[in-house]
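Quick heads-up: structures coming right below.
Consider the two complexes below, in which chain A is the common component and chain B and chain C are the respective partners.
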Partner chain A sequence: MKLNDLLNQTSEWLKGSGPKSDIVISSRIRFARNLVKAPFSDWATKDQKKDALSMIKKAMESAGFLKDYTFFDMAELSEIDRQFLVERHLMSLEHARNPEYKALVVDNSEIISIMINEEDHLRIQVLKSGFNLTEAWRIINKIDGKINKKLEYAYSSKWGYLTACPTNTGTAMRASVMLHLPALVLTKQVGKVLETVAKLSLAIRGLYGEGTEAAGNFFQISNQVTLGRAEEDIIGNIESIINQVIAREANARHVLMTQDKDTLSDKTWRAYGTLKSAHMITSDETMRLLSIVRLGVDLGVIKDIDIKSINSLFILTQPAHLQKFEGKASPSNERDVVRARLIRERLKK
Partner chain B sequence: MKLNDLLNQTSEWLKGSGPKSDIVISSRIRFARNLVKAPFSDWATKDQKKDALSMIKKAMESAGFLKDYTFFDMAELSEIDRQFLVERHLMSLEHARNPEYKALVVDNSEIISIMINEEDHLRIQVLKSGFNLTEAWRIINKIDGKINKKLEYAYSSKWGYLTACPTNTGTAMRASVMLHLPALVLTKQVGKVLETVAKLSLAIRGLYGEGTEAAGNFFQISNQVTLGRAEEDIIGNIESIINQVIAREANARHVLMTQDKDTLSDKTWRAYGTLKSAHMITSDETMRLLSIVRLGVDLGVIKDIDIKSINSLFILTQPAHLQKFEGKASPSNERDVVRARLIRERLKK
Partner chain C sequence: MLCDVCGKNEATVHLTEIVNDKVTKLNLCETCAREKSAKMEEHFGLGELLAGLGDFGDVAELPKKAVKIKCSNCGLTYSDFRRTGRLGCSECYTAFQSKLEPLLKRIHGSDQHVGKTPSMKQTKVVTEPVSKLQEMKAKLKRAIDTEEFEEAAKIRDEIRELEKKDEKKDKEKKEK
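The block that comes next holds the complex of A and B.
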């Protein structure tokens, strides 16, 4: 697979095919792993980083990984290509910023991605459509086991997996779920609901993780505690809390539909109409309008477009994706024209 | 012709077929005439009004008018039907309010309409598409002459035609032109231009005449002076001033198109998209959006709809028209839903 092949495919997590995908976009599990034989990336010299990278690459090759997966050497990619991978949620912004001796391994359906030499030597991620942490956990365990057969991990029987940042030590697992909560936002209940979630030691972030805002009514909820608890417990806990958030969102949607369907229909159709007509549109407005349209599609108000197409547009309209579609870098005001054109074309289909 | 036949036809003045109809909607000439044999309507007893009405009706019949024209007795029409005639610009609001002993005579193409027993015994109006006062004047003179052959008008060789309100005495003629000036509004020049027009003793009003606001960027410009000047002079004067306003609007449109076409396209297409999508829309927003779309069509930005359809929508979306389309009276919030549906259906064609 070539990087540009990704441009014309829909990542599995955007397909809207997983459980409860009217409210849950995706479920993600990430493991942090470090080699016992190499210093943590941030403390390593260039040569040590280079060695760690080649050691991992070799191990993956011999584990038979690189047949069905693609290996991207960060230093060989342009800035736009690296940003493109971030926009697809395949790797972190941090990983794109300093590309030296860094790599990314991705499977063809973009479910599995492995960052090499980010903060930790290995950051294994499994990203699945809908509310499906259990399946993500099953897959990541398999991958992790395969790699572990070839590479010895830094592990303490007392602390668990050792990580560059102590907050990850223990299971070194982060489980997160991306929720779309437009009805809780519209009915102004979202603050209270998320406050409760925060009190239960879960972290809440935006579409692009740490430090990003909850644009488009997307909220990523993840565990903060990694130490002293079993993986199953962490997943079970987050699942039960998310189930309650889902129930609240579903209820708010029901209330909107029964108490003021005309207003809701009008709002969603107008958003759809604007997306189909605008000739200049910012990224922020796109997110806001797509979010309302997504609600309209989920509620059966808008029937002539599917969730997969709407989900995809959230990603396709990001700056690096737009510039790759155009085949050239463009200043942000021109990008608003390009973005509007792309949206019109996609919604015409 | 029946009143309901009007519902499915486009008045001549809305067809966008007249001269300069990209900027000028319509030209109107109105003559006020009173019978020498009857007191002014406002001072008359009921019996006197009744007599005047029957005298005029008889005179029109014998002049052969009522073959090609329709006679509407105001007292026989419902409130909605009367409002409907006001919305079509066939008569005044004043004429609709107190229907007793009042009538309206209209020709099939809605170019000529004659109010009987409004403020004056006869108010003859000719309304033509585009900038065409000369043609309107030619037609109204013919009509006026025909009626005058059967009825003696109150006329003084010193003062001219005598009218109920002294401000109309003299020619008793009001010439007015309905302009669409969105570019002057967008470029914030409209205030200055209209200030100049006002200094030249012309009156400026909104879409529905006296006391209405300039909704939808429509401005009606008419003469104020009726005394001491010949009809030709009044028309010549208003024509030359309007020509300058037209030139200013055309220039502002040119500037918008050359300096920031992307922004203008975006604005017009979004307005069009909202009209095609909304499921609830107020009359005010409709006017505002149709006005922008009309500009887009005139400038060739939007090509898939004609001016006639846009012009018609300004009238079809008014309350009485909506209620007649629905076949029942409806409260104003329901009307917003009905209005949005009508607009969507019309724009789908």
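The block that comes next holds the complex of A and C.
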């Protein structure tokens, strides 16, 4: 598969399938793994990085751990292509920087991706659509085992998997769930709900727009502790808390629908109208409007577009995706024009 | 309002982070916000966390000897670690064990791994089990750091005894 082929496919995590996908966008599990004694990537010399890369690559080829996958050498990709992979959530922004002796392995359905020589020698990631940590865990556990048959990991029975950063030591597992919580934001309950979650040693992050209104209304909840608790335990804990957040959001949506349906319909249709007719639009406004439209689609207020198309637009309107669609780099003021055109085309029936 | 990170562009995005009950508000420009959001799952407020630890403040406050502890495998010094927040290799966990123990406990509330174990049989043992010798060496460093020289001399003698024993064992093994 070539990198440009990705442009014409919808990432698995954007399909809007899987459990509770009206509220949960995606579930992700990431493992950090390192080679024994070889210096971690940030501390390694060029030669040491090169050795680690070729050793890992060889091990992966012989492990036969994936059926259809593509190997990307970061140094061979343009900056736009690297940014493109970041926007698709296949790798971190960190991985796009200083690309020398870094690589990315992606399975062709974009569920599994493995960063080589990021902060740790290996960062294995499984990304599923909807609320599906259990399935992500099943997949990553299997892949990790297969790679480990060919590659010895830095591990101690006292401290578990040894990582470059002590915040990851132990299981070296980060499980995270991306939630869309527009109704909790609209009803001004989100602060309270998330405060409660934060008390349970989970990390929450959200991007807010100007003023009190949130842009995108996306929140990511993930585990903080990696040492002293088994993987299934950590996952079980997140699942039970997320279930409560989902119940609150569902309740807030129900309230909006029963008590103030006209306001809700007006908001969602106006947002949809703007997206369908704008000739210039910033990424901030795009996020905000798409979020409202997504709510409208989930609640059945807007019926002439599916959730998959809306989910995809969040990613397709990002800078690197826009530039790849255009086939050329455009200055940021022109980008607003290009973005508006792409949205109009995608929303046309 | 200007961006909190670059201080150049107008801040249009207002980011709120809640980590372990602590709310942080940041006003960012679009460029810095994009970086921040892409990075958000990568690190978990490590800087703040380290700054908040008594033993993890300014390097200048550390006794000189402690700063000089070095990993013999990768050459990273303890002060390098404090500066970057990143270890240099798997063996650093052994080299800085006495320092890492309280740190890991502080971060995770535990210092004993529970969960997955490698599927490949480990050929090299890393950090575990903690040998008596390593423990004594850590003790010695602490004694010197706190200028308890009498205690240090005692520990040094004990270490010499242990090293002699270990050498003997090694010889016996080789002869076999």
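Basically, the second predicted complex is superposed on the first by the 334 of 349 C-alpha atoms of A that agree within 3 Å, B and C clash if a C-alpha of one lies under 4 Å from a C-alpha of the other, contacts with A are read in each partner's own complex, and residues count from 1 in each chain.
Keep this in mind: a contact is a pair of C-beta atoms (placed from the backbone, for glycine too) under 8 Å apart; a residue touches a chain by one contact, two chains touch by 3 or more.
Since we're looking at a predicted model, the values are computed, not measured.
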Should A:D47 be classified as contacting the first partner (chain B), the second (chain C), both, or neither?
neither
On the A-aligned overlay, A:D304 touches which partner chain: chain B = first, chain C = second, or both, or neither?
neither
Which of chain B and chain C A:S265 touches, first, second, both or neither
first
For A:A278, select first, second, both or neither according to whether it touches chain B, chain C, the two together, or no partner.
first
Which superposed partner A:L93 touches (first chain B, second chain C, both, neither):
second
Who wins on chain A residues touched, chain B or chain C?
C
For A:P166 in the superposed arrangement: first (chain B), second (chain C), both or neither?
second
Chain C - residues contacting chain A, complex
12-21, 30, 33, 35, 37-46, 49, 73-74, 76, 84-91, 93, 100, 103-104, 107-120, 122-130
Within the complex, which stretch of chain B touches chain A?
262-263, 265-266, 269-270, 272-274, 276-281, 337, 340
Please output the residues of chain A touching chain C within their complex, sorted ascending.
30, 34-40, 42-43, 86, 92-94, 119, 141, 144-145, 148-149, 151-167, 169-171, 173-174, 176, 194-195, 197-199, 201, 203-210, 215, 220, 222, 224-231, 233, 283-284
